[in-house]
């Protein structure tokens, strides 16, 4: 039982963590929480099943295509749903515009792909039990993402520019950094990470349009727990959430596991609105 | 079939085509068409049943209209897609009964929508035929004009229980479902029935189908000593996960349950084909391959017909198509025999005896509007699926 | 009243009142009459659809107060509908306790809906927008899960039959009239609310929380009342919904429904009652009319939402707002009438504001240290200093946004509690802001009326039902606001949307709003910024006149000429300390000041 | 009467800008010659910072801006930087989560990789005290060092005109001298400077020419060495003659 809690909990937790990172990457570049994070995860699964399962492309080609689609959708999100409302960010119109965009894509998926869960192809036919690909693939993706982001932020100029924009976009603009292009790039990157989450979690979650709302919510919980903008917080929060959810699943059963997660989420938010590891104080007047 | 809410299916090209709102009246003074209000779920989360039944329904309407209609009257099928949403089913039922003033309502095809629509149709005094299994959906006192041409949950469960207890001889059973209305209702009903038959329900649960990991529940079942798993759900993903988890746990236990266990969608979601072994789903004797590998004559003839008009059976189930086909014919026969007023139709059906459908023989009485026979509900071997039909499960005397 | 004010009042008030009121009422009356006459058409199919629209509107009307007025992004309100539906059905069916009349069950649903509205809403008091949206979303899923699990009461997945309402609302049309009646009632109540100080306060919280606080609006309390109200309406709507559906199962309460409610409000326009009403009608009827598109309905809702957000953020209400599309006069002049101040501010007493030993540091930065400052009655006190010298911080300590680490602030004898901006208004401390804080979509006079919120005497319920005390409040507030506008010289623009005003006009509008408090102490944060020389001169005259009515005025300003013209005393800050204090003449010749302020 | 500038590098005419509805600048006329150092003085709230922002394109504006013979009236800060017009913003806003060296690398974002490191070293050479700390996070620097870093960021692109917004704000007198000395040194290498400064005397010692800004318009223009300048400035600021710019 413990083995099952740990292997499955970590795997699903890694997917949540990746969605959490997707929220964060978009947030850092634009101060916008976007409902599209869960949508990207859902699409990662659906597109993977479409390219590899339906169209029969080789797994690696399908994988690259899925990530590319994620990037494109990220860019479209920025142009359609984020850029137009950035000017008046204090009105929180982005909540509505990204929600609308995410719903749009979800409904389109429901209509074109169907409302039934469909199989996600098995990519690497080795390993079984807790060594099964569906368990280690999300963890691998999560680790690779963290290492990749760390490399990007610490070793490349573009990555540093992302950090600069996240910290002080005004000063970054004054320095001549191409803020708009960097924001687009961030959304593309978020698209890739979100799609990666959905793709690697595909075998667990199946290719199903309904995954969007699940991932939107459970992917946001790590962000709320770990503090917005903190990728480390998202990973820890995500894995903890996965384990907690799976343990609750074993101990109290499905319906009540969902209730338990919700209660913890609300409790943490009410007691520490800035997350367990974050602190923000902004001047209002 | 394209997604359209109100679609009028009205016979051959020469036939009188009248628009749903009565905007255009027939050019020639043809006899008034028989209006059948039809409430399938053609889109939305539980639409696969609807899509299957719809093929049979359309086939029957076309066939009848091509043959000149019923007593010279064409059948006009007025379709409102309920999208598997009870709210839309209520709006749809209102349109069919109040505005279109249809002669008969056919459907809804899913229980969740029927639960909301049946009382409304009854209030408007229009005869209704539906194939939904929830027991409370026929009640001669509350809904005197509502008939069911399919088994009740009671019959479905009883058949599965009989198979598990009497034929497979398993006494410790796990009964589970997803959290939908249909699923929870089934578990509620079947667990006590199993106990009555002398079996022990060692595990009973409603599992959130959105949760991808079923291992916790399956482990608990095994620890409880279950010798058979009876899942009740129309969710292919949920059922496939049960099969997959059983396979990966290398747990040799039969799975006996809902017909969706044998659907193509469930099959597609299996990780290995052999995970479909020792899975038995409900089916109906008339549309199963007998021991000799042949269908009964009535069904065989029907399959021939389907082949002829090139209706695909590969991605759906034969009994769904048959059910749709039978439903329309039952309605047409009533009108043909007595006329199309509500009393005439109800009166005719109330005396219907051994009406020979492809799907099953139907008998109604004024006190009993559940027309399906107990012994026609059987179990089948799901891995024998071909042309939308299955082999009868092992153990039945033919 | 002087002749002048009477003339001005007569010129503006009556015309704007009855004709404007009729203009506002007309669409509601038309809809109401259409609703009453509708059964004559005899189309009972559309009867069902319109009944449904009425049921949805009962919920949306309440939700509108939360989303459209208070600006809280509650996307999971279907959860409360579910709750109401099950409460009514279970009580009528008697699954939990002896069966009761459906009417009684409906009342109970309102109560339970209200309580849960409050519970769901509570996080909004602490959480950021997006977090709250997520919390409501989570709540709606949980309710469905509980409905599934709690079989003995809810029937689990099999569900329960909905109630059938008995005499006097019998049959389909009887039920129709029942729903229509309740929908009408909700429209009336929310329209009353929208036109009350509570409605304005909600919009103020949405658009300019800071100004709302400084006007004494207590956000938590007000929001809690509104969540209670909105939850109660959702509970009633749930009860009606279950009867309309005739039978309820958890799968009837889809997220799509929540989206519909939410989008109806945004399509209608935030801060409007008519707009969301039309939005609800539109969204309920649209799938019935656009037949082939039914599978695309949620897709279309989403597309509509996106289009509205990006193209017409004001929604239908904005499109219908013909009055505010008439061009304004181009060359407007603000001519304050300081002579009206005595009348506007009669009966109030000025008080001395004093800071003693106030220190505040942010992290490593000492923003102000050991500051002593006295602003006496009938005095204009200038506060100047270079950027970052602590002027605005001082203002924020006085108005309670920051808690100083040492020292205290007193008004007269009262020690002002730190970090409680919403308590300043009751001490009669009013202020303006560096960038004008306004409700762009409300009229100028409504913006000004915000300033007098705390002087309303009627309760929330009285406003809902327009009881006499509410009407008296409104009349008094409006009259005083008109007088305030007349005083600052904006009376001609009273009914114009505030966001159409020029910058300088907004500055004067803020002063009018502050005067609504009849302030004992007035804090002005750079009121002259962005004004022309002539406007600055008039501003100066006005400020001086305000002080002469007894008010103590603290003026933070960069315009040295204004400071030296009108201040009785000036304090110069540098690096958070008092560099000098004295009369303008003393300051002008103060060597250190000149070098600090001019940097020489 | 504008002082004629030989060989103008930056020409601003009829420039107006503001924040939303608030008009801050009205019809600004200003020139900076190549290699010239100009101070922009004025009381708080006069619009000095706004003017720099408008010139560099951080704010939307109307009017004409020519820089080095090119029209820059509609370009953003990125084009300004690549043309050699660099704006060091107020309040030493460096990126505290990055190292000193990374801060400087970012300042050379548009440069080819090889030139970038070279020019960063060049900029660091101006400020030995931060060159030592090149690996440290900018958050660990003192305020004065952060200001030096901000100025150094401005130098990486080898600007033809460097706009410095109150480099002395919040610094101790020693550090102010240090920063202004760097500006003077820079000027000797031929870089033009537009300096916004509160400390008039120090500013006057650094520059050739001054403009005074009050209430969003230029109220005074003079050579740094002119007699009685502080008094005239004071008059201009305090608005004894607010309606019209001072006559000279």
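First chain written, first letter: the chains are A, B, C and D, and each begins at residue 1.
Just so we're on the same page, a residue touches a chain if its C-beta (ideal position, glycine included) is under 8 Å from a C-beta of that chain, and two chains touch if they have at least 3 such contacts.
Owing to the predicted nature of the structure, the values given are computational and were not obtained by experimental measurement.
Student: Among all other chains, pick the one whose mean CA position is farthest from the mean CA position of chain C.
Tutor: B
Student: Centroid from C-alpha atoms only, then distance chain A to chain D, rounded to Å. What do you get?
Tutor: 42
Student: Taking the mean of the CA coordinates per chain, how far is chain A from chain B in Å?
Tutor: A distance of 40 Å separates the two centres.
Student: Centre to centre, by mean C-alpha position, how many angstrom separate chain A and chain C?
Tutor: 35
Student: Give me the residue numbers in chain B that touch at least two other chains, ranges are fine.
Tutor: 3, 43-44, 179, 206, 208
Student: Would you give the residues of chain A that are in contact with at least 2 other chains, written as numbers and ranges?
Tutor: Chain A, residues with two or more chain partners: 111, 255, 258.
Student: On chain D, where are the residues touching two or more other chains?
Tutor: Nothing qualifies.
Student: Touching pairs of chains, which are they?
Tutor: A-B, A-C, A-D, B-C, C-D
Student: Flag every residue of chain D that touches chain A in the complex, lowest number first.
Tutor: Going through chain D, the ones touching chain A are 56, 58, 76-78, 80-82, 86-89, 93-98, 102, 105-107, 109-110, 153, 157.
Student: Can you list the residues on chain C that touch chain B in the complex?
Tutor: 43-49, 52, 145, 148-149, 151, 156-159, 161, 172, 244-252, 254, 256-257, 287-288, 291-292, 294-295
Student: Would you pull the chain C residues touching chain D in the complex into a rising list?
Tutor: Answer in residue numbers: 384-388, 435, 502-503, 506, 526, 529-530, 533, 558-561, 564, 588, 594, 597-600.
Student: What residues of chain A sit close enough to touch chain B in their complex?
Tutor: Within the complex, chain A contacts chain B at residues 1, 4, 8, 12, 111, 115-119, 122, 128-129, 132, 204-206, 208, 210, 214, 246, 249-250, 253-255, 257-258.
Student: Show me the residue ranges of chain C that touch chain A in the complex, using the header's touch definition.
Tutor: 71, 73, 75, 122-123, 126-131, 133-135, 137-139, 141-142, 145-146, 148-149, 209-210, 255, 259, 266, 295-296, 298-299, 301-303, 305-306, 309-310, 313, 392, 395-396, 399, 401, 433-434
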